[in-house]
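The same chain A turns up in both complexes below, where it pairs with chain B and then with chain C.
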Partner chain A sequence: MKKISTNKTNARLFEKIAKGFLWIAAGMSIVVLLWIIGSILFQGFIAISDREYPVIARGSMTAAFDAERKYTAAFLINSGIRTDELTAQDIIDFYSLEKTDWVISAQDLDVSLFSYEAESGLVESFRESVFGDEFQLAFTARPASTEYEMLGNVAATPGAIGYIDSGLKAFAKSMGVTVLDIPEAENKKIAIIVNKTIGISELSLRHVVEIFLGDERKWNEGGVDIVPYIYTTTNTTHSVFIALMQEGMFKRSCTLVESDHEMIEKVGSTPGAIGFIPEHAIDLARQNPNVKIVTVRSVALFVNPAVMEIKEYRQLRQIAEANVSKLFSGAITNYSEIDGIDLPVVPILYKESTRMDNELRTIQFPEGWEHGVDAISVETEAEFVTTLSKTPGGIGFGNYFSLHNTLVGQVLPVRRQEITQNLTFEFLTEAPSKSSRAGGVSTIIGNTILLIFITLLFAVPFGIGGAVYLVEYSRQGMLVNTLRFFTETLAGIPSIIYGLFGYILFRIVFGLQEGILSAGLTLMIMILPTIIRTAEEALKSVPKSYRFESFALGATKWQTIRRVILPAASPGIVTGIILGVGRAIGETAAVLFTCGSSSRFVLDQGVNVEMFTKSARVLALHIFFLFKESAGNVRAIHQAYATSAILIIVILGINLLTAQLLKRMNSMRN
Partner chain B sequence: MNDTKISTQNLNLFYGDVQALQDISFDMNEHSVTALIGPSGCGKSTFLRVINRMNDLIDSVKITGTVLYNGNNIYEGSFDVIALRKSIGMVFQKPNPFPMSIYDNVAYGPRIHGIRKKDELDSIVEKSIRQAALWDEVSDRLNTPALGLSGGQQQRLCIARVLAVEPDVILMDEPTSALDPISTAKIEDLINELKQMYTIIIVTHNMQQAGRISDVTGFFLNGVLVETGPTKDIFFNPKEKRTEDYISGRFG
Partner chain C sequence: MKDISSQKSKAIRFREIKEKTIKYALLMCAFTSVLAVIIITMFIFWEGMPLFGSVNPIEFLLNPRWEPSDAVNPSYGILAFIIGSVYVTALALLLGIPIGIACAIFLAEIAKGPVAKVLRRAVEILAGIPSVVYGLFGYQTICIFVRESFGGTGYSVLSAAIVLAIMILPTIINIGEISIRAVPGEYREGSLAVGATHWQTIVRVLLPAARSGIIAGIVLGTGRAIGETMAVLMVAGNSTPIPFLVTDSTRTLTMNIVTDMSYASGLHRVALFTTSIVLFVFIMILNSVIQFLTRKSRMQGA
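Let's look at the complex of A and B:
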C-alpha cells in the first residue's frame, strides 16, 4: 500500500515538473513570436535613426546670414513637401546644387530653387553663406598676376576672356580689348574683357559663369576656343569677380521673382519648391496654405581645429547630442572622455544677456542648459571667432550660415537619435525612387500581386488535379507511393534550390526572360507539394458515405467529385492554397534568379505579353535588395523595415482571412 | 396479383475468396415492401447492394448468376449502371446529407441528371420533400445547411433526395437503426405511404418493424436465403426450423 502511494506521489511530482516545463515552453514560444512580429512591426512603423547633423538641436523660424544679424530670412517650402524642419546644411546643399531632390523627406521630387531678381543685402549675404569665397573655376583657366598682365594676355590671345577693375575700362579700350556690356556688372568695380577678334560686345552673366565654370568651351559652334584668364593672387577685383560669379550661379539655378508676394505664390504653386523671404514677410506667407515656413536649424558647435586632430589613432568626429550640454556644464572636462584626444575642454560662451546669449537660450537641449564655471566669455560673434581660433580645446556655439565657410574653427557634427514615422499611407501608394530610398512600394505591391496570381494560375489546377487523381483515380500502388515520396521530399528542399532549378529550367532551357512568368512557374513548383498534400488530406477526409450516396443517386464519378467531394473538401483545399500563397509571397531565394530586380510595375506600359517577361521586383526581394544595396544608408534600412511590416501585415491578413473563410465554409457543415 | 420487379436467379457473390451470398433466387414484387431480415453478417445488406450494383465500388467483388430488373439482366456488359441507379434509389443506414443546403441536397439528383431550370427544380424539390413528409418542418429554411437538421429529419431528407430522381425502386439499408422511436415511427409511416407508388426493399434488424411494414419477408442466414414468403407466414408459420429459431429469438 505504502509503495503505491509513494509511486503516486512521484507521478504527481513528475506531472507537476512536466506541466511547469510545458508552461515555460508555451510561454517562451509566445514571447519569441510576439517579439519577432512586434519588433518588425515597430521598426516598420517607426524609424529610429542615429543621424549626424552639422547643427544642433532645434532651430528657429528665421535664419541669420551674417554675424551682425542684419540680414535674416525665413525659408518657405511648397506644402507638398513632407518636412517641417531643415538644417542650414540642407539649405546650403540645395542652393549650391549639392542636393537636387527631396530625399530627406523621402519624396521623389526635384528641388526648385527660388530667389529674388533684384540684388539686395539679404540675397547677397545668403549667397555668400552658401558659397563662401568659393567658385569652382575651370581648371583650363590661365593665370595672370596683375591687372596689366591680365590686359596684356587678353589682348594678345585670340579667344581670351578676363576681368579687370572697372577704372581700367578706358585704358583697356585703348589697348584694343573689348569691354563687354554686362548689366549685372554695371555698378560694380569690375569689367569683363575679351579679345577683340571675338567680335561680341555683350554677354549675359549666365554665359560668363558657364565660361569660367568650364562648361562652355568654344565661342560659337566650331569656332575659336575660349581661353579664360584668372588672377592667381587674391585682389579686390578677384573678390568682386567671385561675388559676381556667385550672383550668376544663383541666377542660373534659381527661378527669380520680383516681390515677396510673387515668391510666396510661386513657391506655393511649384512642387518641390524652396524659397526665402525677409523676416517681415512671414505673416504674408502664413496666409497662403500652399506654402509652409520651415524651422531652420542653424546653430552649430564650433571647435578649435586642434580638437578634431588625429592623435594616436584617436579622433573626435562627432558628439552625441546628450553630451553637448555636459561640455559646457563642466561634466566633461577633457575630450578624451568622449573618444577624442587628450585635450581639456575650454567652453567659450557669450556674456549673459548679450544678443547671442539670449538666442542660445531659446534652443532646447535635451539635457537642459547650464553655464559652465570656467567658460571664457565673449560679447560678439567676431570676438568669439578670434577667441576660438586662439584657444586649443576651445568650443562654442556659432551661426552655421555665417561661420561655416570661415577658417576660424571646425564644425563638430552632432549625433542625434531621431524617431520618425516610417510606414505611412504614402508608402503604399507611391512608387519607389532614388534607388528605392525615397517613395514607397506601390509598384512592388503590384508586381507581387501579379506574381501570386500567375503562381496560382498554374499551381491551383495542377495541385487540385494532382490531388484528385491521387485520391480518387489512382490505384494506390507504386506510382502513387513514389509520387507521394517525391512530393514530401520536395516540400523540404531549401527554396534557393528551387530558385536555381527555376533559373536553369525556365530561363536557360526555355529561354524565358526574367520576369513574373518564370518566377511564377518556379514558385508553382515550390508550392505544388504543399497544395497537393493538403488537398489530398482534405479529399481523403471527405466521408466515403458521400461518394456512396452520390453514386446511389446515379451520379458519375466525375459528377461526384465535382459536385460533392471537391465542395466538401474545399475548406482544406483553400487552406492549402493560402498556405502556399503565404509561402510564395514571402519567398525571396526562389525568385532571386528568375524574377529580376526592376522596381517598375510590369503593367506600367499596359497589359501585353511582355509584362510576363519584364524584370520585376517583389516585396520580399525588395527587402533583400534594400539591405544588400543599402551600403549603410539608413533610409534604405528603414524602407526595408517598412516593407517587412507590410509583408507581415499581409500574411497576418491572409491568415485572418483564411480563418474567416473556413468558419463560413464550416457553417455549411454544422 | 403483383408483377415481379426484381428477380435474382442463382446469385452468388464473392468478396475475394469468401463467398458472401450463395445461390440466391428471389423475386420481389412491384408496389410492395419486401423486408430482408437476418443476423449481422448474413449477407442481407450485400444482397441489397447487388440490386443497384453498389458492390461495383468494391474492387474484390465477383458476382455470378443473374439479376433481372424489369426483365433485363443488370449485370450484362452493356447495362447502363447510371440509369439503373437513377431508377433504383437507395437510403443508407446512417442519414448522410451532403454538406450543402436542404434545397441543394434534394436538387442534387435532378441537377446531375441534367435539370437546370430553376422553376422545374423548385417544383421537384417541393414535391419530393412533401412526399418525404418533411415539408412542414423545413419549408421555411430550405437554404440552411442540411447538417443542421435532426437525425430523423436528415433521414427523411435523404429519402426526399432519392425521390427527387424519380426512381421506381427504393432500397433501404436499415434506415431507422440510427434513429429514435418517434423518428422511426415517422419513417415507417412514410414507407407505408411510399409503397403505393414505389417498390421498396428494406433491410432491417428490427423484427417488429419488418412485421409492421413489409408485405413479403426474406430471411437470410450465412449468405443463404433460408426462406421467403408473405410476412405473416414467415412470422407466424415459418416452414424452416432456423427461421422459427431466429424469429422466436433463439439467436441473432
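Let's look at the complex of A and C:
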C-alpha cells in the first residue's frame, strides 16, 4: 500500500518535471522572440558605436590655435547642419579640403567655407594650424639657392616665375624682370617676379597659387611653358612665400567676408556653411537663429614615438577614454597595462600657473585632481614639444590645432562609446546618399510601396480567382487534388529558386530590365499560395445558406459569388492579402536578381513606362546591401538596423491588423 | 410573344456565355500555380542541365573542389555545399525539434487563456520576421555569442543552425499543434479513463496518434531550412572547404547560388543553375513526403 503511494508521488513529480520542461520551452520561444524584436528595435532606434578620435571628449566654445591662447575663435555653422560639436581634426579637414561634405552629421550637404577678406592674426594663426608650413609645390619647379640666383634665373629663362624680398624690387627692375602687382604679396613684403617676355604686369594671387601647385602649366593657350623657381634652402623669403601661398589657398576655397556681421549673416544663409569669428563676436552670433556655435574639441593626447612602437606583436594604437585620467593619476604606471609595450608612463603637464587654453586646463586640472607622482612640468608649448620628444614613455595633453603639424604621428587616438539616435524622422524623409554614409531611406520606402502595389495588382486577381474556382466551381476530385498539390508545392519552393526563375523568365526570356515589374511578377507567384489558401478558407466559411438564398432569388452563379459570397468572405480574403504583403515586403532572395540595386526613386522622373524597368532598391534588399558594405563603415550597420526596425514595425502592424480582422471574422460567424 | 421569348433566350444565352467565360477565366487563375510550378521546373532544368555536357554528374555531386574560375583546370564540385546544407539543416533540426514539439504540446494541451494567446502571437510574429532581418540579428548577436563561447570566427555552421532553428520553430509549432488538436477526443478521454496521467496520455496516446502530422511539420521545417538563403548567407561565413567542426564556416547550396550569381558567366553560371537543380530536387522530395504525410494524417483524423 505504501509502495504504491510512493510510486504515485514519483509519477506526479515526474509529471510536474515534464510539464515544467514544456513551460520552459514555451518561455524560451517567447524570450527568443523578445530578444530578436528587442535587439532590432533597440539598435534600430539607438546607435551605439565605438569611435576613435584624435582628440579628447570635452570641448569648449572657442578654439585656441596654440596652448597660450594668443588667438581664439568660435566656429559657427549653419543651423541646418545636424551637429553641435566638431573636432579640431574635422575643422582642419574642411579647410584643407580633405573633407568636402557633411558626412559626420549624416547629411547630403556640401561644405561651404568662410573666411575673412582682411588678414589678421586670427586668420593667420588658424591658417597656419590648418596647413602647418606645408605647401605642395609644383613638381616641375626648378631650384635657386639665393635671391640673386633667383633673379638671374628668372631674367634668363623665358616663362620663368619666382619670388624675392620686396626690398630687392628696384634691383629686379634694373635687371629687366617684371615685378607683378599683387597687393597680398605687397602686404607681406614679398615680390613675385616673372620673365619680361611673358608681357603681363599683374596676376591674381589665385593664379600664382595654381602655378606653384602645378595646376597651371602654360602662360596662355598654346603659349610658353610656365617655369616656376623655388628656393632650395629655407630662408625668410621662402617661409613668407609659403604663408602667402596658404593665404591664396584660403582665398581660393573660402568665401571671403569683410566683417563679423557679414560672416554671421552669410553662414546663416548658406546651407552647409562653416565659418569662424573672434571670441568677442559670440554674443552677436547668438542673436542669429540661422547659425549655431559649435563646441570644438581640440585637446589631444600626444606621446613620445616610443610609446606607439611595435614590439613583440604589441602596439598601443588607441586608448579608451576611461583610461586617460588613470595615466595621469598614477593608476596606470606602465603602457603594458593597456595593451601597449613594456614602458613606464611619464606624464608631462603644464604648470598650473601657466596661461593656457580653458579646455586644456580643465582636462589637466579637473576638480579633485591629484597629480601623478612623476609628472614633468613644463611652461610653454615649445618646452612641451622638446620635453616630450626627449622622454621615452612621455605623454601629455596638447592643443591639436597647433601641435598636430609638429608632432605628426604622435597623437594617441582616444576611443569612446557614443550613443546617438538612429532611426530619426530625417531617416524616413531623406534620400540615401554618399553610398549610405549619409541620408535615409525615403526613396527606398517609395520603391517598396510601388513594388508591393505591383505585386498585389497581379497576385490578388489570380489568387482570389483561383480560390473561387477551387471552392465554388470544381467538384472535389482529381482536379482539385492536383491543383492543391501544385499550390502546396509552390508554397514549399525556396525563395532563392523563385529568384532564379524570375531572373530567367523576366530578364532572359522576356528581356525585361531589372526593376519593379520583374520583381513584382516574381513576388506575385511567390505569394500566390498564401492568398489562395486564405481565400479558400474564407470562402469555405461562408454558410451554404447564403448561396441557396441567392440562387432562390434567381441570381446566377457569378452574381452570387460577386454580390454575396465575396463580400461575406472579404475579411478573410483581406487577411490573406495582408499576410502576402508581409511576406513580400521582407523578401530578399527572390528579388535579388530581378529588382536591382539603385537607391533612386523609380518615380523621380515622373510616371512613365520606364519606371517599371528601372533598377530599384527595396527595404529588404537595402538591409542586405548595407550588410555587404558594412566592413569599415559602422554607419552601414546602424542604417541596416534602422531599416530592419522599419520592417519589424510594419510586420508587427500587419500582425496586429490580421489578428483584428480574424477576430472580427470569427465574431461575425458566431 | 415569339419575339419576347427569343429576346429572352438571347439574354439567357448571353448570360450563359458570360458565366462560362467567367468559369474558364477562374479556372485559368487556378491553373496559375500549376503553370508556375511547371515553368519553374522547366527553366531550372533547362538552364542547369547543359553542365552535364561537360561535367560528369557524379563528379559534380561528389567532388568537393569548387574552382569554376580557375583558368587552367576549372572544377565544378558541390559536395562541400551539399554537406554544408545537410550539416546546417541537421543541426538546426536537432536544436529546433525538441523546443518546437514541446511548444506544440504546450499550446495544444497545457496553455490556456492569456498564456496561450501570448505564445501563439509570438510564434506568428516569429514566422513573419524577414530572413534578412534574422540574418542581421544573427550576424550581430549569435555570431558573437558563438565566437565567445565556442571559439572560431563565429561565422559558422553552429551560428547558421541556431538562426535556422529559430526560423523553423513556427512551422514545427503550428503544424504540431494542429495535428495534436486533430487527435479525436475519444483517444484522450479513453486514456484518462483507464487511469493514465495527463503526461502519460500526451506521450503514449496523443503524440503517436499525431505522429504523421508532427513529422510533416518537421519535414516542412527541413524544407524551409535547406532553402533559406539570406539569413544563412549572413552568418555562415561562406567558405568553400568541407566543414568538420560546428565552429567551421561553411557554404550551403543556396549561398553558392547567391554568392557567384552576380559575376558568373558561361559554364560557371550554368553550374549555379545546376546547383539549384540539386536544391530543387531536395525540396521536391521533401514536398512529396509532406503531401504523403498530410494525406495520411488527414485520413487518420477522419
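Methods note: the second predicted complex is superposed on the first by the 616 of 670 C-alpha atoms of A that agree within 3 Å, B and C clash if a C-alpha of one lies under 4 Å from a C-alpha of the other, contacts with A are read in each partner's own complex, and residues count from 1 in each chain.
Following the convention adopted for this analysis, a residue touches a chain if its C-beta (ideal position, glycine included) is under 8 Å from a C-beta of that chain, and two chains touch if they have at least 3 such contacts.
This structure is a prediction, so every number in the text was calculated from the model and none was measured.
In the superposition on chain A, contact of A:T489 is made with chain C only, not with chain B. Legend: residue contacts after superposition of the two complexes on their common chain; A:L428 is shown touching neither chain B nor chain C. Shared-chain residue A:F593: touches chain C; no touch with chain B.
The partner that reaches more residues of chain A, of the two candidates chain B and chain C, is C.
In the superposed model, A:A382 makes contact with neither chain B nor chain C. When the two structures are aligned on the shared chain, A:T556 is found in touch with chain B and with chain C. In the overlay built on the shared chain, the residue A:I200 is in contact with neither chain B nor chain C. Look at A:Y641: by the touch rule set out above, it reaches chain C but stays clear of chain B. Residues 556 of chain A touch chain B in one complex and chain C in the other. Chain B contributes residues 52, 54, 57, 82-86, 89-90, 92, 94, 96, 98-101, 108-109, 111-113, 145, 147-148, 158, 161-162, 165 to its touches with chain A in the complex.
Every residue of chain A that touches chain B in the complex is listed here, in rising order: 543, 545-556, 559, 563-564, 567-568, 667-670. Here chain A touches chain C in the complex through residues 11-12, 14-15, 18-19, 21-26, 28-30, 32-37, 39-40, 43, 461-470, 473-474, 482-483, 485-490, 492-498, 500-501, 504-505, 525, 528-529, 532, 556-558, 582-583, 585-589, 592-593, 620, 623-624, 627, 637, 640-641, 644, 647-648, 651-652, 654-655, 659, going by the rule given at the top.
Listing the residues of chain C that touch chain A in their complex gives 15, 18-19, 22-23, 25-34, 36-37, 39-40, 43-44, 46-47, 98-99, 102-103, 105-107, 110-111, 115, 118-119, 121-126, 128-137, 139-141, 166, 169, 173, 197-199, 220, 223-224, 226-230, 234, 254, 257-258, 261, 273, 276, 279-280, 283-284, 286-287, 290-291.
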